[in-house]
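Labels run A, B and C following the written order; every chain starts at residue 1.
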Amino acid sequence: MSVDTALTQVPASAPAEASQGSRVLRRLRRNPLAVVSFCVLTVAVVVAVFAPLLAPYAPEQTDFANTLAPPGTPGHLLGTDDLGRDVLSRIILGSRASLQVAALAVFTALVIGVPLGLVAGYFRAADSVISRLTDLLLAFPFLILAVGFAAIRGASLGNAAVAIGIAQIPGVIRVVRSDALRLKSLDFVAAAVVDGASDLWVLRRHILPNATSVVLVQATVAIPAAILGEAVLSFLGLGIQPPSPSLGTMLANAQQFAARAPWAAVLPGLAIMILALAFNVFGDSLRDALDPKANRR
Amino acid sequence: MTATAPPESLVDAPPVLDVRDLSVTFRTETGSVSAVDGVNLSLAPGEIVGIVGESGCGKSVTAMSLAGLLPRSARIDGSVRLQGQELVGARPSTLRAARGRDIAYIFQEPMSSLNPVLTVGRQVAEVLQVHERLSRREALERAVELLALVGIPSARERVKHYPHQLSGGMRQRVMIAMAVACSPKVLIADEPTTALDVTVQAGILDVLRDLRDRFGTSILVITHDLGVIADIADRVVVMYAGRIVERAGVQRLFDRPQHHYAAGLLSASPTPGRHAGTHRLQEIPGLVPVLEAQPDACTFADRCPAATARCSSAAPPLEPAPLAADVGDHPHEVACWHPRGDRPRPTVEEHA
Amino acid sequence: MRGYLLRRAWQSLLTLVLATVVVFLGVRALPGDPALALAGEDRTPEALAAIRREYGLDQSLPVQFWRFLTNALQGDLGTSIRTGQPVSSMLRTALPVTLELSLLAIAIAVVLGVGAGVVAAVRRGRPAEWVANALALLGLSVPHFWLGLVAILYLSVATGLFPASGFVPVSESVAQNLHHLVLPAVILGTGLSAVIMRQTRSSMLDALSTDFVRTAEAKGLRPRAVIGRHALRNSLIVVVTIVGLQLGGLISGAVVTEQIFGLPGFGKLTIDAVFQRDYPVIQAVVLVTASSYIVINFAVDLLYSIIDPRVRVTGDAS
């Protein structure tokens, strides 16, 4: 027996009575980064849900008396853009759009990716077909995919989300497949198979519930990626169409007068960054909390 | 008062390795865990000592702590003197100079213990390049000799091979070649044969014995396989839950185990002189406990057939065994309030 | 070894063929009649029919595909509707810009990412790891086109340290060329380095806890040798994969950066083509992107077998 196994055995047997879920929660609560990022996310989601009520102005409302007003201008906390539109209001509604796209994209990726990943990991015959499919999808990088999608179906929030989601499918398939492969080789699954359980039953009752944690971690990685993806697409004019507020279109618009009104270019970018950062930090904490090897040196 | 001359055994050469009061604790998420508690151990030149015990008894941690090979979460107290030089708390450069040159290791898993992306020759040569300042060519040349020394056929071709191209037994021989490259004074073999087939085990043990005979290397064998102990060791140390519970010459321990734990281990094991085989530890009900701190009690009391109230209220010290018969070449000591005394070791039926 | 590479080559070829079919069908699925676009002013039914005949648009899809395939294999990717130039020559001017930018960015990313990843793993639990992790998280979360905008705003426009846009070919002036590419390459590279850093860190942590690293320590090797020769070399296998994926993605992933810095590369070609419905160019761009991605992946597999001797014999990386 090696020292490493000796070390992992020692702490593993200590809190044996605590269940997986409560242990994860306990670890998360004890990690200040997890708590802070979770709070930021909660605020962001609440703001997004109640965005129309919280925004001081309608996002498209112009105020030609107050164009390019700097932050701190009375009535415009974060200033205005070239048409006198309130930057704060547009950021609030733009963040809402970002989260909508991210949620829809990740939902799409999971709905298609999880079953395919399970099947690829569980049935050898399906594996090579799905692997080729994944290769093929990977050969069309995200932007090309989104560009094609926008060209065929038109540029819109929904289409951008679906294009981003499709681009994220290979990643989901890969992690779910490898976890399914791992779970399949475990004793309890083998026991279920010996007991005559059907493949569908084994997949649904044994493999899927145990793969939840990988799926969860993958989702926390995919969400910030989708937020950034939406910003890129809207920036290029392939996502949400102006005048609807989106953080990406705000940046594209601000590019023209950035030298005179840097806040209009800097602030939406910061908003994107904070959203993505909060998801990434929370995702990291979650992964650490779920990792049974977290105690290794 | 007339001074009598001390018996021969006490004027032997000073020990190459002298461990005093060694304790190891690990910091973990849920508090600290005591893995080794107050271990005393010495190794005479050319001596082969076995440490035996179940998984988690602290034998591997003891072995790793000797050259400071534990992770940072480990805290080591006490003293480890290698040829008089203190290693506990020594500077990293001192430890590095000692590792591989004066004290060398052989690990359990010859597959994972060798780097998969370097040739075995390179891995053997590396030690010589570091400690003997040989050039890469000279070191590779020596590596060929070393592989031949540990019984690897056509060594000149083998040096160019990668670990996955060799069998388990061959890999373990490579590990040994690597360990003895600089003729270390002390060789620590942590479960050297556990991962190997029974037929390969004997060969590996022969190589180790041969090294001791030819170079006077002292060897510390860590194992849970009493067959290995019977086959190769001069003395044996029995560990339980981080403490030494008994030590004696091999023949002694096999004939008259004093501690009930040792007796349990032995009840289904071979006699000295028989080759290592499939014999594994007799099943003793229960598990080695995980301890946050070492209690003032016998840690084996929960599993012991002879436990009394005293066992749970005070830790028994390691003292000479109460035996009528001759002690032999090596002292026989036991940490037990109710040692088995002159009773012979139990048979399988008796213990079950 | 040979069997493994042959199998990978076959898989790559299969993916390439499939990708070509998808590109071909995808472009045909785009709305709008290409004949209408090609016709320009003269939109009489006769002119349209003539154009359809000329471009083979009146033939069945399989016939069209065969023609597309044979032409593409001969380097004929059609003519741009927008410029009237052969698409292949447009690619020849745009591709070097993107390739240079991508390689510079990858070089920066590898140096930063592998370096920071190794430091973070080796200094586990110390401030250095914390800083490296924080930077990596930031790098993952920052929108890079925004960083580009901010950099232009504060480093080019405000101080004039770097040109805000444009490109000078290497053949004209190496210094000028680098001067134009430094900022975009750094911005692109730092973003990629975050991913490389995290991957390096996690595989280094795995490698550092392996038995063979413990063996290396037990041999008395210096930390430099333990980390470099033993741990890092084994971690590189995973890192190479990531870098390969990134390089493949960069051919198109540099689009936004090129757009912001006004670089006449592949990305700009793509965006312009999309907005002007320049189908032959879109088709060629997607085809080149997909094939370069597939080819790079195959190259990565070749690299595996160099780094990991196990692949050479057993025929599969574990």
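By our rule, contacts are C-beta pairs under 8 Å (C-beta built on N, C-alpha and C of every residue); 3 or more make two chains touch, one makes a residue touch a chain.
Here's who's who by UniProt: A, C = Peptide/nickel transport system permease protein; B = Peptide/nickel transport system ATP-binding protein.
The model shown is predicted, which means the values in this text are computed figures rather than measured ones.
Colleague: Two chains share more C-beta contact pairs than any other pair here; which two are they?
Modeller: A-C
Colleague: Going by the average position of its CA atoms, which chain sits the greatest distance from subunit A?
Modeller: B
Colleague: For subunit A versus subunit B, what separation do you get between their C-alpha means, in angstrom?
Modeller: 51
Colleague: Report the inter-centroid distance (CA atoms only) between subunit A and subunit C in whole Å.
Modeller: Subunit A and subunit C have C-alpha centres separated by 22 Å.
Colleague: Out of subunit B, which residues touch more than one other chain, so two or more?
Modeller: 69, 72, 107, 109
Colleague: Could you tell me which residues belong to subunit C and also touch two or more other chains?
Modeller: If we look for residues of subunit C contacting two or more partner chains, we find 211, 214.
Colleague: Spell out, as numbers or ranges, the residues of subunit A touching 2 or more other chains.
Modeller: 2-3, 296-297
Colleague: So in the complex, the part of subunit A that touches subunit C is made up of which residues?
Modeller: Where subunit A meets subunit C, its residues are 2-4, 132, 135-136, 138-144, 147-148, 150-152, 224, 228, 231-232, 235-238, 251, 254-255, 258-259, 262, 265-266, 268-269, 272-273, 276-277, 279-281, 284, 296-297.
Colleague: Mind pulling up the subunit C residues that touch subunit B in the complex?
Modeller: Touch list, subunit C to subunit B: 125, 210-212, 214-222, 225, 229-230, 233-234, 307-310, 313-314.
Colleague: What residues on subunit B touch subunit C, complex-wise?
Modeller: So the residues of subunit B touching subunit C come out as 67, 69, 72, 95-101, 104-105, 107, 109, 112-118, 126-127, 130-131, 162, 164-165, 175, 178.
Colleague: Per the contact definition, I'd like the list of subunit C residues that touch subunit A in the complex.
Modeller: 11, 14-15, 18-19, 22, 26, 29-31, 124, 137-138, 140-143, 145-147, 149-150, 152-153, 157, 205, 208-209, 211, 214, 245, 248-249, 251-253, 255-256, 259-260, 270-271, 274-275, 277, 282, 285-286, 289-291, 293-294, 297
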